[in-house]
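The same chain A turns up in both complexes below, where it pairs with chain B and then with chain C.
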Partner chain A sequence: MPAPARSAVESTVMSDNGTVALASSRRTSPSRVARREKIIGWLFVVPALLMYAVFVLLPLVLSVQYSFFRWDGIGPMTWMGLQNYLTVLEVPDLLGTIYNAFRLVLFFSFIPVTLGLVVASIIHRVATGRLGEIARTVLFLPQVIPLVAAGIIWGWLLALPGLINQMLRAAGLGVIARAWLGDFDWALPAVGLIGIWVLLGFCTVLLLTGMTKVDPALYESARIDGAGWLTEFLSITVPLLRQEIGVCLTVTVIAALAAFDIVYVSTAGGPGNSTAVPGIQIYILAFTEQRIGLASALAVLLMILVLVVILPIQRLSREETP
Partner chain B sequence: MRVGRSELFAGRALLVVLMVITILPFISIFTTALHPSGTLPSGLEWPANPQWGNFVQAFKVANMTALLASSSFIVVAVVPVSLLISTMAAFAIGLLRIPGERVLLFLFVFGLTLPFGGIIVPLYYLERAMGIYNTRLAIVLPLIGLYMPFAVFWMRAHFVNMPAEISEAARVDGASTFDLFWRIHLPLARAPISSLGILMSVWTWNQFLIALVLVEDPTQRTMAGALGAFQGHYATDVPLLCAGTLLILLPTLVLFVLFQRQIIAALLQGSIKG
Partner chain C sequence: MFKKRALWSMFSSFIALLLLVSACAPAAPVIQTQVVVQTAAPVVQTQVVVQTQVVVQTVAPVVQTQVVTAAPVVVTATPLPATPAPVGPSCGTDPVTMNAYFETGFDIPFKLTDEFTKQFPNVTFDTKQDQFANLINETPRLLSGDNPPDLIRLPTMVSFAKQGLLMNLDGYAKAFGWDKWPVPQLDQNRVAADGTRGAGSLYAMGLNYSLTGIFYNKKLAAQIGMTQPPQTLDEFEGLLAKAKSAGLLPIMEWGSAKSGMGLAFPLQALMASLGPTGPINDWIFQKQGATIDTASNLTAAQHLETWIKNGYFPPDINAIEYTDAAARFTKGEGVFTFNGDWQNAGYDSGMPGNVGFFLMPPATAGGKPAAMSAPLTYGIAAKAKHADCAAFFFNWVASNPTARQIDVTVGGSNPGGPSGASVPTVAQGSVTTETLAAGNVIGEAGTAMDFIANSTSSIFAQGWTPELQKMVGGKQDAAGLLKAVQAEYLRELAR
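Right, the complex of A and B next:
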């Protein structure tokens, strides 16, 4: 980019000098400086743009390209048109991964955000001092560990001899004890539970930060009027935290739709396909079944899906923010 | 404060219960890690004879020394370069307002919601063609690229809010664009740069998918990537798996306790800007 731009500048400067020497040199010198500045400015962007273009944009374009072909990764590529996309939409196991991703949204996004709002407003109301500090730190802890570690830890907790079943037995509920992650009906909610554990603290602390920015006088006057927790929560907290709620929803919805680490480690998509999400299916199609075209079609659909879901959330939370 | 006594008590009790639920998983894998290797203990049970040696064994089996070195190398290779080039780009886009800044910004912001899973397959074939597959560069280079949307967006937010007088005064004193960046604006951007540095270090350390797909040798991976391999080998030996997991978590946990304020602040600001 910089090389042709520079030569263009030099050629204009020279032709200017060639026609009217004195007058033009006085006139062009500021614009010449400005052009030099523009080129230097562009040079500042080049390294970042280059890394982004080569390792993100180029693969993105290749994903779209691969999605129109049948390819095993080694041999020649066969043009398929839109067939790979039709296959994703027709084969129940593939379409099912998108359905599972939306079921995960309930656990990764809806529950942590709702519960986070409740917990944050409790901390805000009853634990402003030392306890609030400690609660913030402790609840945030699962957010800093690798998701893989969360998956391994919960893989053990949800196992047959694990802590969850031990507690159920202690509570006299031994009948429902099972290997949660190996159960066709319960594996997905169990994976969802891991997501709740990881994301609840993040949502709580983020929403709590938003609450401390709300004018305390609002809460004071509500309390003088004798407003209970619920009134205060619904009439002050939720409406004023639109933007923070939007951020929580954005982060957690992406975490659900693009889930990979937790699922790969805890169930690898099983049992059967009961916890298979697009990320897992892309990995399996591409790297164990060598169906690169099909994997890419699913990848493109996943990227479109994330955009389609996130854009309205962004728009809603940005509008009419006080 | 007109919060009732009973409400105060109920609220605090609920909070303590939540904290216990958050901590309990860590305690469970800790007690499990102390049971004899190869046994299958209950979820929460203090062993009759704590096997502290499990940690030593897991340290050796997981090849922790090599892992720590590899993860540190990757972080050191990714974070400073990403910080420098994203700050430079954000400086040009947000402060110099170079022509095409809106298009450039849109281009970078476009990458913000991109799931890694969407580009991992072509990345694999691209890296094979480039001859960097299965080296640490296979993790380092794509991570730098993948961090650009967020990092440029984050740093631009800082530069856009810088008062123009600072740059104008420097220009009057004859500062070149490079001086303006290096001597004036880089030192002023220390706070957002360090937050961004913390964020990218945590993300890199915890990176899994890229390490799993692009590097076969676990000792060349990130911590999280290596943990995945460790789980594959020791899925049946629960105490050893728990000991290894705890060891791999330890550096993160120590750093979190030491820098919790900065880490929490950085992660929260990060999500709000993003």
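Right, the complex of A and C next:
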């Protein structure tokens, strides 16, 4: 990064190399225009920011506050200090639910991102134009369909008399036909399959958008050098899409660790606790047991867990190449 | 560099929080768990509607005569055997708008309030409705809010009674003579000062009293040589074995965590067949020192485990939801099914003339049969504006012949009420005839129990359902089941 000449004042203000160029150019423009632009910019952001504050930041702060109290949701709140954080460890099979959440990462995150990369590059290379549009729409559709409806349909598909087992029997594979969502070994992969279906489209569309950004000259020169599809994919597409892959991983890993909806509409945690995740426990604690404080404590712990997992992913994908 | 990274980590944490908060938010889908628990009536909307039309036809003429002669005075003049003279609380003659909250998909309260308005035109109902699962979450806020309901479907009651949110109905019970009704009816709605149920002050009333037992497919039962309902548990287990060897599914039942584990029904039936009902009710009512882990309950759980191992239940039971089980039984899958009379209308219309009902037989010949039987519970907010009128409504439901008829025709359940009250007529060939007769047997024997999934608010979701599912999967045995559920019970009580 070229370091521009700057005044002593500026250099004391700017402590960070990375932002200097931008900041100093802002300084040099007429200040009134700049201020006006700034206000207009804020005006654009304000509605979203307001919603964000009311529906995200406020509940977050309240959750942290509740986690220090014993509270049934209506009556008086009793200060508990950190007691809730100890009591929450007694929640039945808590470690099991966390383990399940990490198993879901495989299905909600790694498979959709990997598959999404492959599918996106195929669409990018082969199916341009109308066909590509159709492929993109079909893949993205699960994001639009209400999850509750999707959960019911998947429940039918995966049931013992359901379509998937019918197809297996027709193919002579009747031996492996089973009630997928009611089987101790297969319920979690079955839930994972629904997750793949939901998240694949999101990853594909995001990665495809990233690919259109890549300079076609790179591919061209690679092809002149005799590179095949795989070489192109591994040495051009993947490295240049690092940021998009990072975003995909971030969103999907959070979807896995903080999973609630997909699990709730497909198995509600059963059979046994084989698909139970912390999100389901939080729901039961808060709304069935009316233990808001305990539920909030578990929610805060889950948030910390998610952050611990997510931050390294962020760092990896954000590290700039020299 | 540092700032940029910090910005990104902030951004990522915000995304995390966003998802987290959305994870914590109450989800719209229905928890059928609780639905099954109390009224256990989740499903039957369409069938109920069919029955409803019958009501309109048979009952309407009577209603109109009353409407013509008009209003409150008339009804006091109508001969109602057990209704005391209207000296007590009433709805008065001024216009009253009752603030009511009912459960979606369940016709009884709507039909009853419509009929009530016909008989008492000064009373109208401003009725809001919601799914049972949402009611569970909303009820505390509704009761404590600015516009407290005069009449509300209660998902649970102990905590609300303890929090002072529910009207104590002892005064009304005295004024209307409810305390003289045949005994066990009101017990489940009583809460003592220490929070135990079964005795103490009255905090809710049942619009009717549901009954559970064993429904059977008459054709299939004849096929395995069943000529009359089994008289003992041994006899019943013999029939199950016969059904199995005849290549039939002996028992259709549901087991998905989305509906709550249906095996709780046969398990409780076995408990009451093999042991006394008192300790089971004590456990449900949270009496001091009560435990579910008793010797006779262990025998019951062992029987259930044997049934599972013998393949008496569908192999995919852990994935079957309540509605699926009811539909599959109606279509002829399963000789028997453990369920309650709220499903009568559904069975009657789905398999007319082909469905029968009997109570779980006792272990020894000549013993008393027992059954899980729970009131369809409604309450009045402590701060309700028209409490007198709501109490009058409760009394009317139990004593007015038309109301009692609606109770049976629409709901399929026993209307309860004073002894000597009118006996509603039942459509020819309806299984309701059999459930009502069975209800009388239980009433005389005094062996009604609440549901073992009602002992604490989440014993079903956190205890019975996962542990019974594990038993189906061969991952839990009879002794472990009772120990695990008892441990969960104690965890929830130690709050």
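Definition applied: the second predicted complex is superposed on the first by the 222 of 322 C-alpha atoms of A that agree within 3 Å, B and C clash if a C-alpha of one lies under 4 Å from a C-alpha of the other, contacts with A are read in each partner's own complex, and residues count from 1 in each chain.
Heads up, the rule we're going with is that a residue touches a chain if its C-beta (ideal position, glycine included) is under 8 Å from a C-beta of that chain, and two chains touch if they have at least 3 such contacts.
This is a predicted model, so every value here is computed, not measured.
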| item | value |
| --- | --- |
| Contacts of A:315 with chain B and chain C, given as first, second, both or neither | second |
| Greater chain A contact set [chain C / chain B] | B |
| First, second, both or neither for A:142, with chain B first and chain C second | first |
| Contacts of A:78 with chain B and chain C, given as first, second, both or neither | neither |
| First, second, both or neither for A:258, with chain B first and chain C second | both |
| Touched partner set for A:221, first chain B, second chain C, both or neither | neither |
| First (chain B), second (chain C), both or neither touched by A:295 | both |
| First, second, both or neither for A:31, with chain B first and chain C second | neither |
| First, second, both or neither for A:166, with chain B first and chain C second | first |
| Which of chain B and chain C A:206 touches, first, second, both or neither | first |
| Touching both chain C and chain B, counted on chain A across the two superposed complexes | 55-56, 59-60, 63, 73, 148, 159, 250-251, 254, 258, 260-261, 264-265, 279, 282-283, 286-287, 295, 299, 302-303, 306-307, 310 |
| List of chain B residues in touch with chain A within their complex | 1-3, 7-8, 11-12, 14-15, 18-19, 21-26, 28-29, 32, 40-44, 85-86, 88-89, 91-93, 96, 98-99, 104, 107-108, 111, 113-126, 141-142, 144-146, 148-149, 151-152, 177-178, 181, 202, 205-206, 208-209, 212-213, 223-225, 227-228, 231, 238, 241-242, 245, 248-249, 252-253, 256, 260, 263-264, 267-268, 271-272, 274 |
| Residues of chain A touching chain C in the complex | 16-19, 55-56, 59-60, 63, 70, 72-75, 90, 92, 148, 151, 155, 158-160, 178-184, 250-251, 254-255, 258-261, 264-265, 267-273, 276, 279, 282-284, 286-291, 295, 299, 302-303, 306-307, 310-311, 314-315, 318 |
| Touch list for chain A against partner chain B, complex | 37-38, 40-42, 44-45, 47-49, 51-60, 62-63, 66, 73, 119, 122-123, 125-127, 131, 134-149, 152-154, 156-157, 159, 161-167, 197, 201-202, 205-206, 209, 223-224, 226, 229, 243-244, 247-248, 250-251, 254, 257-258, 260-261, 264-265, 278-279, 282-283, 286-287, 292, 295-296, 299-300, 302-303, 306-307, 310 |
| Chain A partner contacts - residues on chain C that touch it in the complex | 1-5, 8-9, 12-24, 26-29, 31, 33-34, 136-137, 140-141, 144, 159, 163, 165, 255-258, 314-321, 324, 457-458, 461-462, 465-467, 469-470, 472-473, 475-476, 488, 491-492, 495 |
